[in-house]
Amino acid sequence: MTKLLYFAWVRERIGKREEEIDLPAEVVTVSDLLEWLRDKGDGYAEALQQPQVIRVAINEEHVDHREAIAGAREIALFPPMTGG
Amino acid sequence: MAIAPTVRVQQQDFDLAAEVAALTSGRTDVGAVVTFSGLCRDEGGALAALELEHYPGMAEAEIKRIVSEAITRWPVTGLTIIHRYGQIHPGENIVLVVAASPHRQAAFEAASFLMDYLKSRAPFWKKEHHVDGSAGGWVEAKEADATALKRWDEKGQR
Amino acid sequence: MAIAPTVRVQQQDFDLAAEVAALTSGRTDVGAVVTFSGLCRDEGGALAALELEHYPGMAEAEIKRIVSEAITRWPVTGLTIIHRYGQIHPGENIVLVVAASPHRQAAFEAASFLMDYLKSRAPFWKKEHHVDGSAGGWVEAKEADATALKRWDEKGQR
Amino acid sequence: MTKLLYFAWVRERIGKREEEIDLPAEVVTVSDLLEWLRDKGDGYAEALQQPQVIRVAINEEHVDHREAIAGAREIALFPPMTGG
């Protein structure tokens, strides 16, 4: 089981803050994950329709979409940050 | 220089003078202190409040990584970053950066670098609430902020 | 932007928090406040005090000219410069610059510009007094400060 | 009569903070003034031995050594500034 976290409009569109998901073996990279999640329902499709803008952190560290997700305890998806 | 930076992510306001004093009191090796305070603007009266969402845990961790990078780049004697979250009204503080150093250029550059990195790398998101009751939506990341970040890469490569 | 900058040349210390509050209280158009505090260092324990001599009248006039230049260059909502004179001990404040603006880059650049100009153009001179009782002599102007000043000329010509 | 002001080590070497001087007609520029003052005594000679390092203000404004001093109420001589 992997913990998925959603923030800002990704959270609003998916309609939840977090969930535990059992990822299938064919989901190897961050890109694979975003594509796979899009098929989980309308909210996911809406949140992830432009996967290239989604920022991803694995275990609280920014990662590239090409990154492998093997060993991830926690994967967070969110829009570009607007702190400061 | 082995320094113990201060990083706090909190709902409550901060005290600029107390944070500066914490980096200077009883010391005689600090020649320059630069502070940056980021405040909520009302966008010409349209904005009622900003709602700042953050990723607890990662926010602190990412800011600490940014601070560590600054420490390797500039001869600082102290660094403090405080970033607020939650509901913030126009005129209120959002973020504080304090950089202390023997030299003015190092203090200016470290503070400016920290702000540029906070803007584009720290996991915070701003949602606008309008005076007329409408939800203004999520603030979009600015191209200018990404550009501001790149100048530090170039400097690093020189 | 028509702003009323604050320029003070004085013997007594200043209050950083009060000066920042003066540029932000009751306002909702300020997004960024950068402060620079310059402090007296003890140079590894050798320095007992700095004696700051100034040219009364011209010091204020010259700082006002520098401030006017900054106002034409950056969209600032407020600027404050306080420069002390007289006997100053290690750990004590020498100078304060506060720049407030809607935007962070303008606040950083205006404060940095003001400091570079103060260093090389404001009529102040520092004399060192050593712990061992010897007069350390007058601090010499640094080549680096002249260089720091030049970068603002280049920007102006772009 | 023109008021001359001296600061920092220029003041210390000349041995006074200020003086009123009646400048002769042949003293036209700042350069002329520095050269003329050097002959007024040992302190002046010591203070102004390297005239190129001396900064000058007329009526509280920085001026070049080529500047004419006609009309100056107050002329200040000092070393490079070290404020900030």
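Labels A, B, C and D are assigned to the chains in the order they are written; within every chain, residues are numbered from 1.
Criterion: a residue touches a chain if its C-beta (ideal position, glycine included) is under 8 Å from a C-beta of that chain, and two chains touch if they have at least 3 such contacts.
Keep in mind that what you see is a predicted model, and the values were worked out from it rather than measured.
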Need the CA-centroid distance for the pair chain A / chain D, whole Å please.
72
Between chain B and chain D, what distance separates the C-alpha centroids? Give it in angstrom.
48
How many Å are there between the centre of chain A and the centre of chain B, using C-alpha atoms for each centre?
26
Distance from the mean Cα position of chain C to that of chain B, given in whole angstrom
22
When you check chain D against every other chain, which residues touch at least two of them?
84
Provide the list of chain C residues touching at least two other chains, using ranges where the numbers run on.
38, 104, 115
Classify the inter-chain contact topology: is it line, ring, star, complete, or other?
line
Chain-to-chain touches, reported pairwise for every pair that qualifies:
A-B, B-C, C-D
Enumerate the contact residues on chain D facing chain C in the complex.
5, 7-9, 11, 57, 60-62, 76, 78-84
Okay, in this complex, where on chain C does chain D touch?
38, 52-55, 57-58, 61-62, 83, 94-95, 115, 118-127, 138-141, 145
Going by the contact rule set out above, which residues of chain B touch chain C in the complex?
15-17, 20, 24, 26-42, 45, 90-91, 102, 104-105, 107-108, 111-112, 115, 148
